[in-house]
Structures are given as structure tokens and as C-alpha cells.
Amino acid sequence: MNDIITTACKFVTSSIGRKILVALTGSCLLLFLVGHLAGNMTIFGGNVAEGETSWINYYATGLHSMPAWLLWSIRLGLLAVALVHVVLTLVLKYENYNARTHYQKEGTLKATLSSRTMVITGIMILCFAVFHLWQLTFNGDPHDCYNHIIHAFQDPLCSIFYIVAICCLFMHVRHGLQSVLQTFGLATRKVRPLYNIVAVLFGLVVCGGFIAIPVCVMLGILK
Amino acid sequence: MANLNLTLKVWRQASPEAQGRIETYKAKNIPDEASFLEMLDIVNEELVHEGKEPIHFDHDCREGICGMCSLTINGVPHGGKKVTTCQLHMRQFKDGDTIWIEPFRAAAFPLLRDLVVDRTALDNIIAAGGFVDVRTGAAPNANNMPIRKKTSDAAFDAAACIGCGACVASCKNSAAMLFTSAKAAHLNLLPQGHPEKNKRVLAMVRQMDALGFGNCTNLYECEAACPKGISVDNIAKLNRDYMLACASEAFGVFS
Amino acid sequence: MNEIKFPVSDYMPDSCIPDGPIAEKWTKYKREAKLINPNNRRKYTVLIVGSGLAGGSAAATLAELGYNVKCFCYQDSPRRAHSIAAQGGVNAAHNYQNDGDSVYRLFYDTVKGGDFRAREANVYRLAEVSCNIINQCVAQGVPFGREYGGLLDNRSFGGSQLKRTFYSRGQTGQQLLLGCYQAMEKEIGKGHIEMHPRTEMMDLVVVDGHAKGIVVRDMVTGEIKSYAGDTVLLATGGYGRVFFLSTNAMGCNVGAACACWKKGAYFANPCFTQIHPTCIPVKGDYQSKLTLMSESLRNDGRIWVPKSREVAAKIRKGEMKPSDVAENDRDYYLERKYPSFGNLAPRDISSRAAKEACDDERGVANTGRGVFLDFKDAINRMGKEWIDGQYGNLFEMYEEITDVDPHEQPMMIYPASHYTMGGLWVDYNLMSSIPGLHVLGEANFSDHGANRLGASALMQGLSDGYFVIPATLPTYLTTQKPGSITTAAPEFKEAEDEVKARIQKMMDVKGTKTPDEIHRELGKLVWDDVGMGRTKESLMHAIEKIPAIREEFWTNVRVVGSTEGMNQELEKAWRVAAFLDFAEVLCYDALNREESCGAHFRLEHQLADGEAKRDDANFAYVACWEYKGTGELPVLHKEPLTFDTVHLAIRSYK
């Protein structure tokens, strides 16, 4: 038992161990994104006449009618995953900052913009997430979710903020996904280019899906 | 063959404690066939003739194998041409270019003078576990242990690391993962290194962490800067081996 | 021209060769050798200077055995010693190829390759332990080249007609050194070795006639310090940089060996300096070093120059591409002169043949000092991919330096100073004429006689360090009380003061020439006069000029900076001063040896066909030079060489 605890402690304080935890939590968040997107897409089911339930309202009320313990376990679980992800990356970033002494003239050969801005895009996404929860999850009636969303996105500022945040999400996911595979030790020279393509495609699909909503609202396709 | 006139922006620092600064020098009539270090020799010779102290830099074999030469050129260790600084030739530059020359920077590489840094931390990682613990004289006949050519070649690819530290210097996080993983992979791939695999991986990673290197965030800048083409596949392998080694240490599996 | 009459002494220390048949000497030695109890070993402090294959392997092995080891190197890490640059391979008599190899044949080839100027017993021991070296390195994880069946592959090298060379692509030295470095780091980690990188040995401390310590300079702080031990192991490599341009690393120097010579260790056969045939030719005055292209390239490359001077002139001017020269217009001179060994003739012979071709104005390269090494036939025969598998990194390196792709155009090569067979004299125990001072690897006068065969240097360094010194060191140590001398002995203070005074003297000159400029001047003189072909006139010329350059150094050198902290100019100046003190004895030895043998070629002594003419009646001895003061004639001691097993014969590779 002692061995397990000692190793676990060493694991969660080691560079690779923490990276693996970041990758694990990152993968959970990626899965969440997929689920979330699937739910959001129900908005394209359109609005319906008075007295009937639109797809998205059905979906939203469905979520809310889950037993409280289940809903809150999922919410708290997600919160924990996000917290671990955020706290560990910030700690690692702090350590990395201290491990480095800076060049007068900086140069970069290969590291992509998205890989170098993970913390910035990450913080953007975090801010966005808080706002998003406040705006759409904890405010508004799930039975009238559709109109609530349409109403929110009719404000161009709000839509633009969403679009910018989702672009950050794209950059974050684009590096994150293939990075997860490298961290789990599943990458080799031969498959790494493939992972890159998969990461970009995944990012495009997920983020494209998310962005489609405010865009369609602003273009008047969804009303 | 042509001669080049260049402007050099060089980091000068008299001692570890002193305040460093960038100084500007003119390098005149540099043959484009000269190596980068020979260009610095020419500049230094002139400085000495003027009674000034020459630019100190590390170098030894000047054939790209000892790993002693360092220098971050225009923000990229070894200049980013897939060779060591000593093998970088002036034909890579154009007449009138301004070249920034700085030391290999990382908190784990304390600066000693000008462009000279202390890379002992890399030796410490090896001392922690980068070896096969065999005594001299006890070895069996070399052909008693056939090794797949592919395995042997892969081990060699990892073993080609010259320990120059460009991976650390290029890393935006100053991580030493490429160095550590290359050495671990070299030995872990081979049957000779197998008995100590888990022990080695844990010891080397823990030592690396203790020395104040940063953490890898999979930027792959190291691979691009490496003059010997060491692959980040080694990092993936080290991540994997580390998980297995931790599992082995904690639960007694995979041992 | 005045004759020089060298003072000759009858005294010669015992070379301690065990008696009995040659094949049993080493076994007998080990059977009868003194041993030290494991618990007592840690009481002995062993100071090792140099961390290359010889020093590093000795440090690792002695530390494993339990000795208290302190190791010093001038580089920032023991992994950077210049053994790392050896490309081609390491010989061993494993006979894995079933092509008739044996310990005896390796021994025979080495003695013959050295033109019968090596000590038989040492060479036999070297051949005997060669297989253990390979076994040891494989166990350490050195990734040698393998065949698809998983067993070790071999290639052939100059001077042998079979394949006995083990290799790791073109980086064999690197892989062997890393094996040895890892073994060292293992012992450093365990606290058995105290490693001192960036530390240069400045002087040897001799107490009551025994080597008991060293004075060093900390190259970071500039501090002069002393270390005391029960014995000193010198593994500081060769003096090839006396020619300034060489394949050696920039830091390689004779300083430590020269200091020991001045303290009484005999310098043996300094005139045996190897000029390697396959290096990239010189480009210009600013050049700092020459790059070796591994001898292994000669397995598949064919060496040629144009048959006519006109074609050569056109190539030099760039009016004609080498690849456009018709087959009929090419002179594959090695294949023509030495049909049975062809392009794999030994190094000394290949180098001289290149020089002859260039002297005949058929040389290429813009300086006219270059010959071609052509892979066209090999590429046609085996394909580009196969060639890249064998020599990929060498081809890349060549292209990097010269901007020419050797797949398309032949490489241009020319001989350059590479290895020095001469060195401090040692007996069978590897102990010099100063009791307690052991010398290993290239630094000793070694097992290579007048010429070293390819892939033998790695073998010798590792043999000395892994297998010989661990067995022979107790012979000396058991005669000593451990830890009897400390740095409190007055000799240490005295040596430190001398070093400090010499440094101060250099700093105080404040002249106009940089150490490198003086080194270049010396190098050019020694290369021209004591290089590949030597005559009495050229040697006398050098002997006359060297004191003038030395004088210039001590009156006109400019060493900027201070004695404190890091000062690379001071490091250079210190090393140049040692080369200046040493260069004369190199010339004296070459002058004294009135014969041609191996790498030492006196133009006066050649056979009708231009081959070396040995004089076994008068010169079958090791010339050992005892220092008598700078500028004074050294005293010659002679160790006669007897050849009981291999019979003296004219070396023929035809």
C-alpha cells in the first residue's frame, strides 16, 4: 500500500506524470466537447409552434430532469476534470517559465502558433466557459432554451465573443489532440502527420459546429 | 568563393555574476567557405590585436561529434540547419547580414562566461541511470545474444545524441526530454538494457525533474533544432515507459 | 651544416616483459601478479588525467574494483574526449567472419603494419584482449552494426586482408566512448569517481622519485590547485596538433605529457606521427582544423588522380568536372602500385602515394594538394541506398563542409596529421620511467610501432583501460603505503609556484602576436620539414627555426585577460608553449632515426621503387629521450626490440 501511495505522489509531482494527467483530463474535455456539440446541434431542429417542444428544448429539459444527484455528479466531475487540467497546466507553465532564461532574439523552427499559445487560448476558453455557464446554463428556462439562445446571439457583441472564443478552442484542440497521443506514448514518426490531420479535422468539425449557431443566428437562418 | 561583411550582435558577460549585455561587432572579409567558429576565430584574433578580450565560446572537435560547441544563432541553437555550430558554414549567410549570437540559455545551464554555459546537468541525468550496470570483464561472448538489426539500428538512432543540449536551449520550456528520452530509449530498446529498464526510467526522469529543467509540452522544437536528427518518438517512448515503470513500482506489474 | 651528436646513455629501465612463449606471457603475468584485497583498494587514490577511451575505461574499471578514483578532463564533460571522433571501427580477433582470423594473425598484422618497431609482447597482449573489448562493449549496450540474422557485422580496414573491424556506422568512436562514459557516470553516481571537468593538468608532482600528484588549473575560476594520489594515470592523447592543422580536437595538446617528460619520463619515438590519407584538403589560412573522412570509405571508394598534368590543371581551375574525366585518363595509383591491397593499403603508404601524385603536379583541389576518392563504381554496383546505409553520415558531413555531393562528384581528400604512435615510454605494466606514473592509450608510445593500422587505436585505448591497467596497477601500488603523500608535501607547493610563475611570465610579455598565430607558424614549419617526407636538411632547418619561434613566443606573445576566471587565450598560450618545448625532440628523433620505417619516411632512405628502407641492424630499438632542459640536447636511451615470433621482413603490400 505504501508503495502505491509513494509512487502515486511521485507520479503526480513528476513532469511526465503531470503531463499525463493533463492529457487525461484533456481527453475527457475533448469527449465532453463531442457530447456538447451533439446536443447543440439539436438547435437546427428549428423552432416550433406554441405548445409543442422543439428538439433543443426537449434536450435541455431532458438534461434538467435527470435526478439531481446524477446531474450534479456529472457537473462536479466535469468541474474537477477542468480544475485539474487548468491548475496543472498553470503550475507547469509557472515552472517552465522559471526553467527558462530568455533570448534577446527569439527564434522558432517548428513549434506551431497553437502549441506556443496553449496557455493563452486556454485562459480565453476558461473565461468563455464561465460566461457561457452564467449566460446559458444557469440563466434562462430550459423549457424555452431555443428562444433564449436565439435572443442571446442576436446581440452581435455576444456572437463575436463566442466566435473568437471558439477559434481559441480550435487552436487549443488542434495542438491538444495530437499532443495527448504523444503524451500517452502512442505517436511515432510515421503516424504523427496523420494525428495532425485528425486533430485539425476534429477541431474543424467541433468548432465549425459550435460557430455555426451564432453565425446562423446572425444571418437570420435561425430565428 | 566570396567574402562576407557581417554585423554580429554577441552576448558578452564577464563572469557568472556579472551583468551581461549584447555587444555589436563588425566581421569583415569572412570567406564563405569558413565555418561559423572560424568566423569567430577571425573576429577574436582582431579583438586580441586591439587588446580586447576575445569572445569566449565552447568548442573542441570541430567536426560535429563531440557536442561541445553551442551558440544560439538568430534565436535558434546551432543556427537551425540540422548541423552543429562547428559544421555551420558561412555560405549559409548573406553579405551584410546581422547575426545574433547568444549562449544556450536555460536555468539548468548556468552561464560561465560570454557564450559558455555549464551543461553538467546532462551528465547528472546519465549518472542517475543512463547506463547498463555491467562490470568490466564479466561480459559473455558478443555473439551469444543476437539482436534484431531493426532494433539495433533504432537503438543506434537514439544513441547518436551528442549531448550538446540544443534540445534544452531550443525548448520554449527548457525541458531536457529529448536528451533524456534518447539515452533511455537507446538502452531500453536493447536486450542488454532490459533488466534495468524500469529502474533506469524512473531514476532518469526523477533526476531530470530535480535538476530544474522545464516540462515538455510537445512543441517538437527540440527535434527541429537537434543537429543529429534525434526523433521525438523517443519522448513518446519515454512517456510510455514511465507509465509502465510507475505501474511496476506501485503494483508490481510489468516488471 | 653541423652534425648533431646526441648524448647516449647505456641505462634503460627494465621493460618488465614476462618470460615464456609469447602466447603465454599475459596469462602468466596475470597468474603471478600481485593482488590487493577489495577492502584495501579504497585506501588507494588513483588520479586519472583524460577521459577518453583509455582514461575513461580505466576510471570506470578501477572504480568498479573499489579504488578511489579522481578523474580530470579539460572538456566540460568526460563524454567529449576526442576518442569520440573516431569514425571507422575497432578491431578484434573474433573471427566471426570465418575468414581465417586469429589472435596470432591480428598480432602479426599489427606488428607488420607498425613496420617492426613495436614491442612484440605488448602487441600480442593487445590482440589477446581484443575480443574481450567487443564483448564488454556489447554488454554495455554499444549498438554495433549487425546483420539481419542478429549477429555482429564486420568490415575490412587498411593493412589487413580480412574483415575484423566492428563498427557503428561512421560513429564507432562515439559509441564506444559513450559506453565508457556511461560506465564512468555509473561510478560517478555511486560516488566512486570524483570527476573534475574543465580542469587542465599543468604539472606532475614527483615526491622522492615517485609520481604522487598533479597540479591543475580550474578553467572556470582560474585557480591553481593540487591533488595528491598514490599513482597518476596519464591518458591525455597524442601531440598531433604540433602541426597546428590536424584532425585532432582544438583542445588536444601535449601539455601534460610534456610536463611529465620534463619531470623525467622518457619520450619514446616521437617521430612516429601518423598522417592520415583521407582528410578534406586545406581551404585557406583561417582554417582551424582538418576533417577526417573515415578510412572505411576506402572499402568502396577508389582513389585516383588524372593521368596527365593538363587534365589536373583543368580540374583545378574548374574548367572540367571530375566526373567528366574519361576512365582511360584516370590513374588509380594505389590499385596500380599495390594490386593485392589496392585502395586498402596502410595509411603511411597511401599518404605518401598521394603526396607523390601531387608533387607530380597531378593533384586536384584549388591548392593542387588533393586527390579523388570516387564512389561511382560502388554506387553503380550496390546502389545509392546501400552506400548511404554504410556511409550516409560521412557523405552528409562531406557535403556540409565542401558543398559538393559525393554521390555526384568524387570526394577530394588529402593526408593530414591524425595520430601519434610516439609517446611517453612505458614498460609492460604501462608504467613510465617515473615510478608511479602510468601512461595509457595514445599518450604512451604504444603498441603501434612506426605506423598504426586503422581501427587499432580504439582497440588499444580500451585494452589499456579496461583490461591491462586493472591487472598491472597493483604491481606498483602494492609497493606503496596508501595515502602516504598528501598535498602538504613541499613538492606540491613548489610545483604550484612554478606553474603560477610560468603563467605570470606569459601574461607579462604583452607582445603583439596571438598564441594561435605563433602556433600556426610552428605548425607550418613542422608540417613542411617534419611531415610526410623528411630529410636531414629539412630536419636541421626545423631544429634551427624552432628556438627562434619559442623565443618569439616568450618575447612577443599577447595573452589578454587575467589569470582569474575563464581565459581561453591563456589556455591556448599554455598549450602552445608546451608544443614549442616539445617540437625539437620530435625533430631530434626524426634526425637520429637514419632509416625509413612506417610513417617515418626519410627521403635519403628509400628502396629503388620508393618504398621505405628500414635499417634493422642499427635502428631496431625504441628511441627514448630524456629531458635535460629546454634548448638542451636530450639524452638518448635505447630499448632494443627483439622479434622472436614475427620475423623481420620487408613490409610489402604489393
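To keep things simple, chains are lettered A, B and C as they appear, and every chain counts its residues starting from 1.
Just so we're on the same page, a contact is a pair of C-beta atoms (placed from the backbone, for glycine too) under 8 Å apart; a residue touches a chain by one contact, two chains touch by 3 or more.
What you see is a predicted model, and the numbers here were worked out from it, not measured in a lab.
K.L.:
Using the mean of all protein Cα atoms as the middle point, what chain has its own Cα mean nearest that point?
P.N.:
So the chain sitting closest to the middle is B.
K.L.:
Going by the average position of its CA atoms, which chain sits the greatest distance from chain B?
P.N.:
The most distant chain relative to chain B turns out to be A.
K.L.:
Going by the touch criterion at the top, tell me which pair is linked by more C-beta contacts: A-B or B-C.
P.N.:
Higher C-beta contact count between the two pairs: B-C.
K.L.:
Can you check how far apart chain A and chain C are, centre to centre, with Cα atoms defining each centre and the answer in Å?
P.N.:
63
K.L.:
With chain centres taken as the means of their Cα atoms, state the distance from chain A to chain B in Å.
P.N.:
The computed centroid separation for chain A versus chain B comes out at 36 Å.
K.L.:
Counting only Cα atoms for the centres, state how far chain B is from chain C in Å.
P.N.:
The computed centroid separation for chain B versus chain C comes out at 27 Å.
K.L.:
With touch defined as at the start, can you tell me which chain A residues reach chain B in the complex?
P.N.:
That would be residues 3-4, 6-8, 10-11, 13-20, 92, 95-96, 98-112, 115-116, 118, 175, 178-179, 182-189, 192 of chain A.
K.L.:
Within their complex, state which residues of chain C touch chain B.
P.N.:
Answer in residue numbers: 57, 60-61, 64, 75-82, 84-85, 94, 96, 131-132, 134-141, 143-152, 168-169, 171, 173-175, 178, 181-183, 185-186, 188-189, 195, 197, 220, 247, 249-251, 283-284, 286-289, 291-292, 397, 400-401, 403, 466-467, 470, 512, 514, 516-517, 558, 560-561, 565-566, 568-569.
K.L.:
What residues of chain B sit close enough to touch chain A in their complex?
P.N.:
9, 11, 22, 72, 74-76, 80, 100, 102, 105-108, 170, 172-175, 177, 205-206, 208-209, 212-221, 223-225, 231-233, 235-243, 246, 249-252
K.L.:
Can you tell me which positions in chain B touch chain C when the two form their complex?
P.N.:
Counting only chain B, the residues touching chain C are 14-15, 31, 33-35, 37-38, 41-42, 45, 48-49, 51-54, 56, 58-68, 83, 87, 89, 91, 112-113, 116, 118-120, 122-123, 126-128, 130-143, 145-149, 152-153, 155-156, 159-160, 162-163, 186-187, 190, 192-193.
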